[in-house]
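In the two complexes that follow, chain A is the common piece, with chain B as its partner first and chain C second.
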Partner chain A sequence: MINSLRNSTFYTMIDVKAKINSFFIFNSSFGPREGDELQRILFYHPSQTSADAQKMQVGLCEAVVKFMSTFSSEPCEALQTQTKRYIFYQPEKGYWMVLVVRIPYTTKALSAIGESRGAADIINPSVMYDLLKSAYKMFRMFRGPFKNYPIEEIYTICDQFYTPYISSRNLSNDITDVIQGINYLPLDKNSFFKVLCFIDLLEVNYPHFKCISFIYNEQLIWNGLSTPDMLTLYQYLVQSLLPKQVEKEIQGGAVAAAQRHGRFIHPPEGIHSQADLQKLVKVHLMREDDKETKQYYLVVYRTMSATVCFTVDENVDLQFEMFRSLDAFIGPQLSAIASTISEQCTLHALHTAQLAASEHKFVYFNRLNLAFKTSPTLNKLHPSTAIKPEVLSIIASIHSDKQSLGNYGEIIIKTPDEYWITGKSSNEREFYVIIQEKNANLKEIADEVRRICEAQMKGIFFYPM
Partner chain B sequence: MASTSKDVPIVTIEENPPDDLEPGACYDSILNPTDSFEEFASEMSSSLQERNISLAAINSTISEIQSEIGENSAQIKTTKSSDDLQNKDESISASTSNSNLIEQNGDDTDNEKDDYLQTPELVNKEKHVFILSSAGKPIYSRYGNEDKLAGLCGVIQALVSVVEEQNQDILRSITTKDCKAVFLVKGPLILVAVSKSNESETQLVLQLTYAFNQIVSVLTLTQLNRIFEQRRNYDLRRLLSGAERLIDHLLIFMEKDPAFLLGAVRCLPLPEKARENITSAIQSTCNKIRDLVFAIMLAGNQLITLVRMKKYTLHPSDIHLLFNLVRSSESFKTAESWTPICLPKFDSTGFLHGHVSYISEDCQACLLLLTVQRDAFFPLSQAKHTIAEKLRRSNCLVAINDALNRNEELPTTNPLKHIGIPEIRHFMYKCKSTAQLFTSDPISLDKLQDYRMRHKVGGDIMVKKIEKLSDIDYVRNYRRFCSSIHCTSTPAKLIFRSNSSDTILAWVTNGFELYVTFDPLMEKDQAIKAVDRLLKWIKKEEQRIFIMHAPTF
Partner chain C sequence: MARFRLKDSVEYYLALSDQPKRFDADSPVTNVFFDDSNGQVFTVRSGGVTGVTVNGMDESKSTSFRMEDRGPIISIKFSPDLKILAIQRNQDNQNATVEFVNFKDLAPTNVEYSHTCKWKNAKILGFVWPKVNEITFITDHGIELLQVLPEKKQLKSLKNTSFSCAWFSWCSQSNIVLLAGNNGVLLQPFSLNNSTITKLQKLELDASRPVVERDVFILRLCDATWCAVFRHAHSATVTAPGPTEVWLMPITGPSGFHYTHVLKTGLVGRFAVNVVDDLVVVHHQASQTSQLFDIMEESRPESGVVIHIPCVAGLSMQPARLGDLHCPMYSDTWVVFQPDYIIDARLGCLWRVKLVPEGLAHSVPKDEIAKIVAVLLRRTDGKDTIYRIVNQLVTEAGSYLVQLSQVFDEINSVYRKWAELEMARNTAGQALEAARPPHNFRVLVSQPDMCSHVLQHHADDQYLVQVVTAYIASLCRHDMVVQQAAAEVTVRALVTRGAAGRLRAALRRGALGDARPLACALLSLGHMDPAAAQLALDMLWRLRGYEEVVEVLLSWNEPVGAVGAAKQAGNAWLALAPRKLLAAARAVAEARGEPTAFTAVYHALLNRNERTRGSPHFLKGEQCDSYVEYYKQITAEPQ
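On to the complex of A and B.
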């Protein structure tokens, strides 16, 4: 059961990268005097942009930030011109990250030409803001905060990190970009208990190693990080590390014996000698019981479809022997657990296949544990199951305006092309249903949504019903 | 009928357009119902080059009328408008030297000017509006003294021109979490709104457009352009001495009256017979006056009747400017006035001449007679007195006063009580084909006064305690719904939102727009039934609450 790691379909796939006009990071205090403006620019993509053009863009952004500060104590978030949208993010005081995207001011002219072009062009600004935020969080996880670096180093550090980051980043403009959450794997009590016992036993035997996450395919089973870091690590695993591994496994043909027994996949070449320990990467993370962000070594181990992440305190004297013994301990145990989970998944897939008879799409999201669930894609080759960009954009705006629904609330929106979008909120939980129905009325839609909610979200209570 | 009562009216109405028209619709509209949202959208999607071109070449409706009437239009118009410029210039020349002095004194450093923005006069305001010339000279500031804002205006001008000149782009807006700054370049002017309200970007741009039109209404676009062609650095305040007050009032008016939100005109609810009598009184008196283009009677920001020259209609936004002019000018109450008025949508290149007067001391209805003839005061004054006399004899003044004072016995005074739907807290309805609206709580004169008093002191952001909502609060809540419905990229036809404080339904069809506030957590089928009854009631009362005929001279 090789699962594609991102449930995106090609229908909504738009070339977001082609839409990105530029991406840059600046800090005005780095070149305070006139003539030093170039020093303020820590990173600029595309790098072939002329120095004058870079200075001009950054200068405009500085002016905009300063202008808004006279009216609001909140940091500047966006600048809209006729053809572009500049999205601002200030992760640390004085450090500004700016993403410039080609989004026209109104799509009136576009939609007049024909829906096809206008529709595909919609990227919700909130998606772009999240993109910036995760670009920073990924940097902070692997490199720590910007302010830790002296001015002599920061240019190189940013270049080393962001140049490959940008070229590897994929955006598909589907629902997983609009609502960033974590796909949890539902397990029966016994299987879940097995996972917990395995983690406990391991941490007792190897006290230096702390398990921070347990993932099966791309679904999370167990987490040991604080909530904000959990999403960053999950995205790193699911969007970057694991797809490369899966690709390797597929290219390797039949599952090699070594893979059944498991191996270290972080560092990517594995750990085969004391020298390989030098390749271990340090990360800045906050574990569940930590009071602040600390530095740890990140170790990732994988058997079949199960992936386990550990942190090791940076002060521990690492010995190759430790890793070899760990490998011998985890290998057989993890593959046993992976087979149990695999059986569970097959059962579960059968169960959802029955439910999936309904063609309506739904999305569930819990802000507290970031749990995210969507209706199963019936058939990946069947493009009609994807969500239309306009509908996606409406969901994005409901999702980003939490206040409107309050603790308990419901919104139903009908579009001109007969889509009914329902959003429900109950404390920190959100539930969306998309129904395309020509001759329906409000009451019928509400009844249908209630049926889907009861079938899919047993035990989760949404009011008003 | 059976199907409508079966809890599916929303669909039935939509899928099978009924043979009879939706409430308020008629075949002949007194207003030009161009959707301001669409107009806005097409205007805003133009590129920098297109914008510069569109400013040239505008046809003059006024000279068209004049040539039809058979006068030498060109001559009259040009002499008149240049007269006007000179007159105004002279009358202000005394104070010019004074303002020059201030300008010299006010040449402070940038820092001090930034500090000025933090003074109690300016800090913590919900919405700022700044107007400046494209050279960066301050023209108007909603709060504070624009002389002290020269530094800020310089920054705004620089931002706008950097984006235009270096990026070949147009600056539209800047946002933070709690604040929006919206920019509009119109001809030789730059208009900026900085707002912490819940109004959308589109709604703010529309308000700036209105502010621009208010200036045009005082000067005409032709004159405005010419001034800045001749002297780019001109201090426009010299010519706008009276207009600041008009803009002040207009901004308040726009924040509180849903007419602006919907691009529609509110009518004074009157018995069908009374309105007919008023209209025919005007028609019979004025049909001999050949230069008369429009005769408009209004009261308390509501239209009573409009009689027009065949072929010509008025746009709601021009009527709004007339409402604003009448409401902001106390002097009309004391004497008959003769004033040049430019209606930007009708003809932005020239002035109409208006005879403006209140019908009588005991009736707050105001009559505007607009003509292309610049010396028609006496015939029009004569006509007004004849009309007033006819209205008094036919008891129309009583009917107007009853409506204005919201006599308890009228069904339209408290419509919700009259319909008997207790779940509905508030509603507003716009008939799209006639661009007219009706709300459950027509804003009365004293309420307006109230709001203005409150606003004079403040305009500050206040954390409001939850008491009983006023109609202004309901309208505030509708803003977001209105902008989702009219969103250019992802419009909606229907929105039903229910939370613990209320339930709001926004619904747009080909014929109407309807916004209703219900009790919280309202059941859908109940809401549907209530809306169905509401629409039937509006249909039943349509002759009273809307103007259903489009009379001409």
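On to the complex of A and C.
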């Protein structure tokens, strides 16, 4: 009874958020003989799907992937049928991750009601592909590559990981899902150095601990990981760990005083004894100065709104004393830094508030440090509903298709409902402006975009303005 | 508290000059006099009959001669040009008289004369030479300034001031004489400059605690003149007297020195004072230690008084040697003169006290390293020791990162103040100077200095990245532009140590100023680190290096981007050679199979020709014929 209740809420969540039909992982070599098909399926969501239906879906994908391999050395990426779209991702040889979304295919009756409403609701293939990729990278960060696991373990491991992952994944058709980037905190150099010197001092005094990330609210200040891993950890923190923490902080008013001094939030219960060290999670990450991925313990510490992540080499003999001393060291310093940053943020907010807000929306993305900025608030609580799904879809396709913009290029697209979407790229940066203007002409749009560019891209080389 | 020990440093921060000036020791037939104005020791044997020897630290000021014994000598001094010798004798029942002997080439001539002071019943307490051919008699009735006319064997009175005086103190460096009146409650300074007597602001002391002669000195310190007074605790009423303080009261000097400085010795007993390199040295006989006080240290005045404690814990001076023998130190027979003379009359030695800067860092509590560096920054020979300290801190950055950061702050704050003052001086003239408290900038460590004397020697150190970061952070805290030398060291350190991400983060926050050399260094990293190239291009653009941006884009096979960038830059576009652009565009068009890359550039150039010359065609000298052909070829309609 309880079980079904939970499932039903789970269902509605997924159904509301996205049109995900199914998500599965398979490896054909795990059950090569006929009759062993079920063994090939490492994970299948939704889990209530009948075994036969699972077998059929996976069988179809296997066939398509195999069939396509005769035409191209590149692995197959997508399949579209009248009702479904399949996206394939092969992160490791033989391991396929598949995401299936329903396409609300247009019948005559539907099209009479609204103009191709359905098409707009489909998740863009590039967004789906990115979703698969981040699902894999998250697994890899916490569990390592699939191939590390023997066949008898892999089913449990995948289930343990992906079942909660999928239920917690808050998927909306939002600009932050279209372009996966990192929100950096704009900080003056002196405050930045305060953070950096704090990290240096900490690492020098506690050589086992290496700071891999410093986040204020949801904005990144310092990163010590290689670029791809940086995004994965950032997403984990911002989408999963921190929202839970913030919720806890809001609920537990009494612990406010303790939070001022900071505490370990990963493991989530904190570290209060030697026994708690057993709860530390290991992660597979590549640090910035490293050449390969290694396994580390992940430690996260938080004071006020500042969150610091550390890695500790897995071979280190962990002692509770180390953590207690670290806590005593970080606590007061970090809260001082957090207050400095908070002051800076207030100043910055005042400053930006004074700038004349443009009524037009823009999106900025730096391909190299994954910096991402938008004119509407990034907060998921206030989704940028103003960006219509069609527009998002267009931006998604410009973003995913590097050819359309090239390294130095510009494109202006007008939608039938008077949206002008300008995409520009220069010096490894992308900039999108969305203008809704019924009676504008191309020149007016170009001028307006140039104006926004000049205001937003001050001090960097961004051609053509 | 852990202590920092400067490697290979001597233990002592004060030493006596290596070779003392020797003279015949004080004895029943020999009298020794010291003139601190000329730094000369007079040894008078048998009243001068068997000879007078004059020894100065400066060999050219040494001489010897004979003279008649006309009675016991109280004071004997040369004029500043060593051409007149003045002698004051103890002649009871006679008028207050000073004798003069003209000298030539440090040898007496037979020209002798004398002069009696204007007050008939006065007692001459002493005389001083404020300048060549000017002498001042200090008597119990007042002071009289006289001009000496050696050729005429006469003295002419210039000025006199009545003042009832018991004793006086003289400072030859500032020509200020301090008269003690009212039993040592009132101290009245007079300036004897400009051939006149100027009465200065009197110093009034607590009437219940008058001072005695041996407790008062006039010091020249930090370009100001001070009256130093030993304030002993009320020993009469208290059985266990409190420690002695030295009060420094300003007499004259640049504005900014208007507070009384109180030096807390924490000791009782017999003291003497020297000044070495603008440090007040307080010698304490009982403990055989000498304390150093730096009145320029940062401290907050409280009700008009600034309190100081010694810069370092009190320590003995380095034991002096006389041949193979150790000299007794802090002996009873020592006499201390200003500014830095010490005489042992029994041994017949004249020394000068000197500062040994490295000794200050011989053993320092960890959290006082920055304070010691600050003290060294104000010393004439401090620079070398500062480099040694910083080098050692960098090598041991694992334990001294915080202290290193503080030391960088001390160094940069001094440099910053100096730079500000220089700027003010250059823009507003001298007027501003008077308004600010004076600073002395004995040691300035510029960014190139720090790089060449410190940072460059640590390429293999474990914590180089953290050290360089701390240095740049300190520069930023002091609002100083990171100069090329420091930027170069930073880039090299961070890149070679796998901290390129840190470099980029710092660049993005504007920590390293924009400069062409920096942009070029980043560009050269671009092949390994595309993000560095991105920042380099941004920087060149901010520096208005449009030609460079165009060149870079061409080298990246982005001819269309290059044209666009050049067009935005204005003049750069008009000056670009068409052949170079067309060649690059053609190469890209062919390599990528994108003929539009060529046609776009080609059209842009035709437009430019049209605008500048009124005709779209290329000039013959531009040698573009082959590209015109190529254009025709790729745009030709397929047959």
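The working rule: the second predicted complex is superposed on the first by the 418 of 465 C-alpha atoms of A that agree within 3 Å, B and C clash if a C-alpha of one lies under 4 Å from a C-alpha of the other, contacts with A are read in each partner's own complex, and residues count from 1 in each chain.
To be clear about the criterion, contacts are C-beta pairs under 8 Å (C-beta built on N, C-alpha and C of every residue); 3 or more make two chains touch, one makes a residue touch a chain.
Since this is a predicted model, take the numbers as computed values, not measurements.
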Partner chain(s) touched by A:Phe71 [first = chain B, second = chain C, both, neither]: first
First (chain B), second (chain C), both or neither touched by A:Met56: first
Partner chain in contact with A:Leu79 - chain B first, chain C second, else both or neither: first
Touching partner for A:Tyr408 - first (chain B), second (chain C), both, neither: both
Partner chain(s) touched by A:Ser393 [first = chain B, second = chain C, both, neither]: first
Which superposed partner A:Leu442 touches (first chain B, second chain C, both, neither): first
Touching both chain C and chain B, counted on chain A across the two superposed complexes: 407-408, 463-464
Parts of chain A lying in touch with chain B, wherever the complex brings them together: 56, 59-60, 63-64, 67-68, 70-72, 74-84, 104-109, 111, 118, 122, 390, 393-394, 397, 404-416, 439-443, 446, 463-464
Residue ranges of chain B in contact with chain A within the complex: 7-8, 10-11, 15, 41-42, 44-45, 47-48, 114, 117-118, 128, 152, 155-156, 158-159, 162-163, 166-167, 169-179, 181, 194, 196, 201, 480, 484, 488-501, 521, 523-525, 527-528
Residues of chain A defined as touching chain C within the complex: 187-190, 192-194, 196-197, 200-201, 203-204, 222-224, 288-289, 366, 368-369, 407-408, 426-429, 459-461, 463-465
Chain C residues touching chain A - in the complex, by the definition given at the top: 397-398, 401-402, 405, 463, 465-466, 469-470, 472-473, 476-477, 497-502, 504-506, 508-511, 530-531, 534, 537-538, 540-542, 549, 553, 556, 558, 560-561, 564-565, 568
